[in-house]
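Quick one: the structure is below, and I'll ask about it shortly.
As written, the chain order gives the labels A, B, C and D, with residue 1 at the start of each chain.
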Amino acid sequence: MSIQITRAGKNPLQVDSPVMPAAGTMGFGDAYSGLVKFEKLGAFVTNPVTYTPWNPASGARVVPLDSGMLIHTGLPNPGISKVMSKYRDLWDNFAMPVIVHVVGTSPEHVRKCASRIDAEHAVDALELGLNDDIPWAEAEQMVRGAVGNTDKPVLVRVPFTDALALAETADHAGAGAVVVCAPPRGSARDPHSGRMVTGRIYGPMVKAMVLRLVEQLAGKLEAPIIGSGGIHSEQDARDYIDAGARAVQVDTLTWIQPFMLERIARDLGGLVLTRPAGALADEWFPGMGETAKKARDAAKNKDAGQNPASKKSG
Amino acid sequence: MSIQITRAGKNPLQVDSPVMPAAGTMGFGDAYSGLVKFEKLGAFVTNPVTYTPWNPASGARVVPLDSGMLIHTGLPNPGISKVMSKYRDLWDNFAMPVIVHVVGTSPEHVRKCASRIDAEHAVDALELGLNDDIPWAEAEQMVRGAVGNTDKPVLVRVPFTDALALAETADHAGAGAVVVCAPPRGSARDPHSGRMVTGRIYGPMVKAMVLRLVEQLAGKLEAPIIGSGGIHSEQDARDYIDAGARAVQVDTLTWIQPFMLERIARDLGGLVLTRPAGALADEWFPGMGETAKKARDAAKNKDAGQNPASKKSG
Amino acid sequence: MLLAALPDTEALIVPAEATDQHQTTERQRHGRPNVCTMGAYAFQGHRGAPMRETQANIERVTRLNAHIQRLHLSIEDSLNTIKPGQTVLARRFYGSQPEQWQPYLREHWWPVAVTAKPGHPSEMTVDRPTYPSYDPGQQYTLLGPVGKPFAYKRTIRQVLMIAHDTMPSPLLMSTEWLLSNKVNTTLVLSGKAVDYPVSELPKELEVIRSDDKLQWPNRVMTVGWADQVFVAVGQDDEMGRFKEVLELFKALRAEVPKQYIFGVSQLIQPCGVGACQACTISLQGGDYALACLDGPALDLTALHLP
Amino acid sequence: MLLAALPDTEALIVPAEATDQHQTTERQRHGRPNVCTMGAYAFQGHRGAPMRETQANIERVTRLNAHIQRLHLSIEDSLNTIKPGQTVLARRFYGSQPEQWQPYLREHWWPVAVTAKPGHPSEMTVDRPTYPSYDPGQQYTLLGPVGKPFAYKRTIRQVLMIAHDTMPSPLLMSTEWLLSNKVNTTLVLSGKAVDYPVSELPKELEVIRSDDKLQWPNRVMTVGWADQVFVAVGQDDEMGRFKEVLELFKALRAEVPKQYIFGVSQLIQPCGVGACQACTISLQGGDYALACLDGPALDLTALHLP
């Protein structure tokens, strides 16, 4: 009834729908509460957090591009402790797993964040974001640090630059899943001020580039692949699954058409689960929703024999 | 009066305008003859050639994308010998230098192509295209092979994947200039047949990604950088120059708006040459056209003391 | 990072039904405190109606001058409780045609007027630049209301609105509301704003044309009289211009108290709901506000200006 | 890679002025032989007027059925010498507004009719799918003429046109020309083409509606009578469908000679001038043609079909 999106281990992550938001696109859980039905998502991935607080970038932060945009925020956040204490209760009430995205600042900070997440009942997994020009050795050290400091699955989101090599590095270092990939970076001129801004690039065209990376990686990793980049339709999401991804992350589409996230989650929830029985792709998986979630939680509690007072099984 | 776009050496390449077409966008010199004023271009870069003939790719070859396209041709060409014998006379009559793009198939074939070009009076330089997932060592071997087999400048066009490392590799191996970069590759579904096509991606958004690569490489290479990717306006081209490129290559814009190539060449011809004197960016360089070309050829013949019967000085 | 310096919200009023019982905010519905934007400063306590996605139809397009066109839209009734100062994020609706991703971001629309008409669809007018082109019959989806209504002192009698190198549209719905509530209102048009057609402005509004440097006759008097000031500026450097204006007021007045002068931020809002963090505005003391949740009107004395 | 199997071009005629002295081709102007596409096969010797970029204006848009709209354009006179079979690559002209890059590629327009009107702008009509939408007053730039006119045997009396799972538009301008030159012409509409409104077709044209499998009454007779056949097919698999049609003709006729049956290629043309190599069509013997230079009509017996 559920899809396992991280490799086998102590606490593999199970989801009802292989669709979740990409880190940085839906805030910490309260932003889209009136616009997106959260319970239809396979998982919730938070905005990036760092061990210490980070301030916003100064100057222009958004450059509209043709069929896309460039954004440069500097990933402002008040640090992992404040985030936890503020959102713990909200996350505890979510029907789906919560994955906290941790920015790969330094191996030490990543280890500390992992320990923090390990102790946090409201959080089901950690997603580690690797910086764009990170050397392989440092990436490996960071992933091992995260994996070594929590029993929860560690998803690793590799940057677009050098994605293939870093995906293999993360896989060898024990990543529970490899998210392919963070948005490509670029530079564009703010049309208002004429100043050059460097930041992340989003748009439907990104999908074509990242889909090829997933095709190239398919079958090469032990950890499941989560496809992430430029999904703007149900078919875009299915293309990632067809190419070998176990799940997908939807990024800026949610800003432009919030309801599409739910539509894609519903669509792929049905598609993936009914396909093995030879059903049509648009047929719906009838168990989706609370029922499957409860069954999953019950199974998890029984199997793992831990977290007896599971937050979500009540 | 002219801009040197390859590093100092026996036959540095001088151009009147730092603007040329990207390989693969203008054919071999006859395709746009009625639509683009060739004499306004800084140089002419041919479609890719291989040592042996290559057949076209089969199946769908063009996928329209949002504000862009994906194209997969397989770089069909009848091999370097046929191309030379067919276009030699046409190129000899061109006012600007001719750069033949050689596909980096194998070190041996690249060496042979370089020798062929070295002996060809109608050709002024070779541009070597490195394959998308080429290992560094093979790239170095190929560049050395090309440089070692011709006295003419060897420009090296690095792929988008791993562009930074391959640019430094090419630079160390003696590239006369580094073209940053070939279009990124991706996969998209042919809307007619539903089949997945893998190919090159073009569109204005590519510029933001490649511009950042040029920014990252600026000042790090001995060889001049030629910026190439997604130029769709005069400002796009200027952004590359501002970021540190010595010249630019315009790609698919020529297919969409043929006259824009000439406009950009005129604009940057004026910009780059009049700026040092503090003139306005849109002022025109008065010597542009035949006069400067003749002076350049004359200087080249005198200085180098070779090619006494220069094809273009008459 | 502290949520310090919270203004005395009790002393402020927001227009119309914003304090009504049924105007439950998103935040309230989650049973969580109002100050919940991650690390963000809450300027006022009320956001008005919860954000929804609704549809709108362009009924008429009129050209105001060479640079401005006015869209007359029919909107869903649920949006007609939008308050002066709040905005919508608009996107063309393509129906059964393939979705277009150019332009990509939603357009930020500032209503100039919203009218409920019993038995008819509610109406909204917005001013837009003449590019892109809009045609009657086109459908849009609107995300809104975005942001908080402007908040006024209870004792307010004189309001000064300033549009400096920008269309005055972000100020007009509030101006209309103030005038209808018998608050004397003055609009200063400066720089690119001077061409705005006065014929489209309410008769009771005092309009002053300033030069490019925000100089106008009797400036000291105008500034002295104002109980509150709302300023919209050009987008080349919003914070730098806010700073200029604040310094001008500091030079013209004995003191510039809190809750006196507000910058109306027109920063691009990719999401409008506090998710993307692209509309952050740094505050004094290291905290920050989000223009989409805490704005668009932000107390200039609380901002960390360059 | 040899330029072998060149057809006997002498036996073919192309409509109207294509052989006039002033119709110098691009290739001729460069003093180079006509067969100069890199590695490409030249089907006919003449291309008509040299390719130019010109402007056009949408004057009227009419809806032919749920799927097809007809654009009536005023064009520059230099384009009114375009020949039946030739096409244009069209792009919206944005004037002083920022250039739009969506859609990116130029649209491939197949003229249905072109008329010169002394004292008035020349007119062109084209059929387009109902998406995207076109409006009167919109300006376009046209690159054209693209490709070569259809070439007919000198002795031609009966032509068969087949539109199979595609709009018949690529065949209509030629049909008109043939009928006006007293050549009996039959148009077979099959699959998606059957809905094409007959009211828009010339009265003298014999129209046959076939089923999805290209079966129609008296098929053997129709095929036997035809001196030449031109076929346009759906774009899901153009070459596969050309092969099906060729095999059908081989089954229905004693022999299928050269220059008898032509596939009218509607492959996407990014450049239209022989530069991008995206419209390559493999020929028997390892050579290839370019749809934009050597087409759109290509002798099916010369193609390397899958």
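Keep in mind that, in the parts below, a residue touches a chain if its C-beta (ideal position, glycine included) is under 8 Å from a C-beta of that chain, and two chains touch if they have at least 3 such contacts.
All values reported here derive from a predicted model rather than from experimental measurement.
Common neighbours of chain B and chain D, listed by label, are A, C. With chains reduced to the mean position of their C-alpha atoms, the one farthest from chain B is C. Chain B has its Cα centroid 40 Å from the Cα centroid of chain A.
Distance between chain C and chain D, defined via averaged C-alpha coordinates, is recorded as 55 Å. Chain B and chain C have CA centres that are 49 Å apart. Of all residues in chain B, those that touch two or more other chains are 65-68, 203-204.
For chain C, residues touching at least two other chains, in rising order: 100-102. Contact topology of the protein chains: fully connected, every pair of chains touching. For chain A in complex with chain D, the residues that touch the partner chain are 66-67. Those residues of chain C that touch chain B in the shared complex are 100-102.
On the chain A side of its complex with chain B, the touching residues are 65-68, 70, 162, 184-189, 196, 198, 201, 203-205, 207-212, 215, 235, 239, 243.
Chain C makes touch with chain D in their complex at residues 97-98, 100-102, 131-133, 135.
Against chain A, the residues of chain C that register as touching in their complex are 1, 26-27, 29-30, 32, 36, 38-39, 50-53, 91, 99, 101-106, 141, 143, 234-237, 267-268, 270-280, 282, 286, 288, 306.
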